[in-house]
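The following pair of complexes shares a single chain, subunit A, combined with subunit B in the former and subunit C in the latter.
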Partner chain A sequence: MPLIKNECIKIIKRKRFYVVLLVLLALVPMFTYAQMKSAERSQEKFNSDWRLELQQRITDNENSLSSDRVPDEWKRYRLIFIQQMQYYLQHDVNPNQPNGVTFTREFLNNAISLFIPLLIMAIASDIVSGERTTGTIKMLLTRPVKRWKVLLSKLIALIMFTSLIVLSTYIIAYLISGLAFGYKGFDIPVFTGFQIVGSEVDMSGVHAVPQWKYLLMQGGLVWFVGICIGMLAFMVSVLVRSTAASIVIMMAALIAGNILTNMASAWSSAKYLFMVNLNLTNYLAGNLPPIEGMTLNFSLIVLALWAACAVIVSFSVFTRRDILN
Partner chain B sequence: MNEQAQEIVLSVQHVKKKIGRKWIIHDVSFDVRAGEIFGFLGPNGAGKTTTIRMLVDLIKPSSGMIRVCGYDVNRQQEQALRYIGSIVENPEMYSYMTGWENLEHFARMQPGIDQHRIEEVVNTVRLDRRIHDKVSTYSLGMRQRLGIAQALLGRPKLLILDEPTNGLDPKGIKEMRQFIHQLAAEGLAVFVSSHLLSEIQLLCSRVAIISSGRVLAVGEVDELIAGNSDHVIWDLNPAVQGKRILQKLDYCEIVNHPEEVLDDNLLAGMSPEAVVTRISSDNTSRAVERLVSGGVQVREVHRINPTLEQLFLQMTEGESIE
Partner chain C sequence: MKSSAWIWRITASVSVIVTIVLILGFVYAFKDINNPQGEPLLSGGEPEISDEEAAPAKPDQGPSLPALPKDLKVTAIGDSLAKGTGDNSGSGFVRRSVDQMNGDGRTAKLLANLAINGMTTEGLLPKLDDKGIQYALKQANVIMLSIGGNDIFQGSDLMEEATSPDELELDPAKLMGALPMASERLQAILEKIRLINPEARIVYVGLYHPFSDLEELLIPGNIVVSAWNQAAMEIVNRDPNMTLVPTFDLFQHKLGEYLSSDHFHPNGAGYQAIADRIVQGML
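Let's look at the complex of A and B:
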């Protein structure tokens, strides 16, 4: 316990967590503003009738389907989108009603694969390599405490702060967007459970969930992704001596994942890479997975396996290695 | 003699270390007893820091055994490290925290250290006035003292200091020496590494001399040096005549390149006319008599300490004869 306290104090004193909060406080208003502008625009266009707007979007997408220039991939994606939107229309539910809660949901959907991992890396990437860069690792390891205990305390502190980051992202997104869109919207129904079979959407499993419940489910998935990314960054931090190198390696992996999800649908074994499995909230919203054959359970298992390996590698390397610098 | 009876705090037996394909440490053995200041002398790159890292379990030896108060450092880390306080290389503390917060941090890693103990060590190293300032504002000397405070927190029996006077000003060096003597007088075993012979002479009672990963000699500092100090500086008037007389003596050998055997300190303070010779203590007075009877004024006769390089030279020569 005192060791975990030490690690938390160090994270706070190094102002890493403040940086994360600052980034959130700076960026969320930007997204809110952008969202507000687009909401204003569609309001002008459709006289604040969301049914008209939705119908328009459906027609737009349908038109593009007949074009030859659109790749098959996109067509499938749009086909699914159309079917979902029609479902919303039939049930008279506005999928994009502007309010603080919907903004938060949408924001997190987009943040899960890059933004949240980035924030977590701010803390995870130098939790071990930082001590090596400054040389304080020598002081830490010459105290009468076994090495695995030192490392475990760091891991637990990291998990705590990862959870805190996810939580504060939600809170900040909600509070700031609420200023613009109002704080209501917890009870709006959201449809989930779309089953995608080929290019058809199976509606049999679809059910409405109040938005607050949806947020909770989403939050769980975001947290899970956060923890997995945290552990991978943790491993890199153990393996690499310099913090800069450790950040670059993780960034490269994440960005590669983002590129791959957009183009690798033909390379099916890429689905075993952790980077393409980060978009867990996709499954909740019922979007097409980046690579065929991926399901929520599949992604959860892949991520968990990667994270478990990362922890095993971290501990076996850290407890045995000679500290030479 | 009394020291022989003291408890052995640190025992290093036939320690070897291979890094990559290279043997960095060939064979290192020595014992350190309670209440003594033990020097670990060697030039840079001789393996001092590598050895120290092995003493505190930052590196595992490839073979050999290190025991602290009876516990194997590499197998019973928690018990063994409890008795060691150490600074390896530079005293690196968390610069974004205050000195006090640093000490609290390390105190939490070990049971039985309370606020009172922290205050105690802060007073021992006389850092009480600046202890609540950020470490990033500390001078090197203050960091060094904070490092020692950290090392003393757990009431160790063995204190390991890696070149403790490195980078300190002359006043700081004197204070550090005094402080180390005081700690040893209280019964602590202190292990000090250095690449300066004079440093070891002023500080330590016993010394191990290491060169390229091998211990060349372990023994009392005075004995090691006494056997090797055969250089004398003469300040004579007139110098040319005096030199001629000394040259004729068969028990006296003129050193033509004094810069090879003298410390920079001595070299700087030496008059340009001074003569340096190799001559044993017994023969010195005979030489003085000859000079005086030859009408040469003897202003100064100064026996000098060997430099580390000379000591090495003589030791390795000795080895090759064996």
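Let's look at the complex of A and C:
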């Protein structure tokens, strides 16, 4: 316990967490503004009649289906999108009602694969290698505490801060977007449970969930992704001497993952990489997974395995390695 | 280090609580995605729509056309012509006529263009059951419809083969055989639109013959197209608030001028000519 306490205070005192909060505070208003602009534009065009707008979107997508220039995967994606949107229309629910809660939901859907992991990396990458850069690791290890305990305390502190980052992302996104869109919208129903079979959507499992519950489920998935990324960054942080190097390594992996998700649907074994499995919220929203054959359980197992390996590696390395320099 | 103690207490308790909540959310999401429980959905009551449906579709509108309101709200539906395929500016006759009707103390607005390339009467009929499409039609007081061209010319199939006219199978007898079915569907479509929106002015755009410059196709095509237009006219004439805008004569001798490079769809000038006609009949 005292060790964990020590780690937590260190993270806060070294201002890593403030950096994360600052980044959020700086970026969320930008997204909010962009969203507001696009809402204004659609208001102009459609008189804020979302049904017309949605129907027009469906029709536009249907039109693009007949074009030969559109790749097949996109067509499948759009076909699924069309069916879902029709479902929303059929049940008279606006899927994109502009309010703070919906913005938060959308923001996190987009943030899960890159933004949140980056924030978590800001803390995780530094947690061990930072001690090494400053040389304080010697002091830490000369104490009469077992090495694995030291590392474990760091890991637990990391998990705690992962939760805090997810929470603060939610709070900041909600508070700031609420200024622009209003703070209501917790009770709006969101449909979940779309099951994709080929390019058809099975609607039998679809049910409405109030938005707050959806946010909770989403938060859980974001958290899981955050933990896995945290563990991996943690391992890199143990293996690599400098903080900068460990951040670069993790960032490269993440960005590569993002690029892969967009183009690797032909390379099906890419699905075993952790980076393409980050978009867990896709399963909640019922979107087409980037690579065929990916399901929630598959992604969870892949992520969990990567994270477990990372933990094992970091512990075995950390307990054995000599501390030089 | 009093502040440290405070920091520790707050972060520790908050993070533990948050972690638990997030884990709960995770478990919940996990369960929900793996065993989605479909539940009977109460489709949200739509008072506005049911009201409209409850209102009797005024049967005795009188012989004269109801006056056109000052603010026109247009919804377009149908095939590529309504969409504006072939028009370099992408406007099509829908946007062109809407723009033209705007002004003079009148406002015209395009609510939605629901046209889809390659749409046939067969494809359109079930589409009219979609709630979103019904909604867009209900909001309008002018509905522009273009359909039937793909039924007769089999859409792009024929267009692609059009380079070698010998291969074309535009057998008039066969086409005429398909005609009754298609015009029956047209009637069903128009009746359905009328049922969805009892008050709107419905503008049906008649067909032209895009291949009349090909000798082999001139006569059979003319026969089929005019038979179709005749059938459509008969259906449209039954409703005082429906109009058929003829285009056959417009294109007859001006194919080179009015057709786009795919030799099937009109170009900008062709769409403008159709739009002019529509506006003439409306104002």
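In this text, the second predicted complex is superposed on the first by the 325 of 325 C-alpha atoms of A that agree within 3 Å, B and C clash if a C-alpha of one lies under 4 Å from a C-alpha of the other, contacts with A are read in each partner's own complex, and residues count from 1 in each chain.
Keep in mind that, in the parts below, a residue touches a chain if its C-beta (ideal position, glycine included) is under 8 Å from a C-beta of that chain, and two chains touch if they have at least 3 such contacts.
Fair warning: this is a prediction, and the values are worked out from it, not measured in the lab.
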Subunit C versus subunit B on the shared subunit A, clash or fit after superposition: fit
Subunit B versus subunit C as contact partner of A:S269, first or second or both or neither: neither
Three-chain overlay, vertex subunit A: subunit B-subunit C angle, C-alpha, nearest 10 degrees: 160
Superposed model, subunit A: greater residue contact from subunit B or subunit C: C
First (subunit B), second (subunit C), both or neither touched by A:D322: first
Which superposed partner A:S66 touches (first subunit B, second subunit C, both, neither): second
Touching partner for A:M139 - first (subunit B), second (subunit C), both, neither: first
Contacts of A:M160 with subunit B and subunit C, given as first, second, both or neither: second
First, second, both or neither for A:I9, with subunit B first and subunit C second: both
Overlay on shared chain A, then closest C-alpha pair between subunit B and subunit C (Å): 7
Contacts on subunit A seen with subunit B and repeated with subunit C across the two complexes: 5, 9, 13
Touch list for subunit A against partner subunit C, complex: 4-5, 8-9, 12-13, 46-47, 49, 51-52, 54-56, 58-59, 62-63, 66, 85-86, 89-93, 159-161, 163-164, 166-167, 192-193, 195, 203-209, 213, 216-224, 283-284, 296-297, 300
Parts of subunit C lying in touch with subunit A, wherever the complex brings them together: 4, 7-8, 11-12, 14-16, 18-19, 21-30, 32-39, 41, 43-44, 46, 83, 109, 111-118, 130-133, 135-136, 139
Of subunit A, residues touching subunit B in the complex: 2-3, 5-6, 9-10, 13-15, 134-136, 138-147, 320, 322-324
Touching residues on subunit B, where the partner in the complex is subunit A: 19, 53, 56-60, 77-82, 84, 86, 88-90, 92-97, 101, 105-106, 108-110, 150, 154
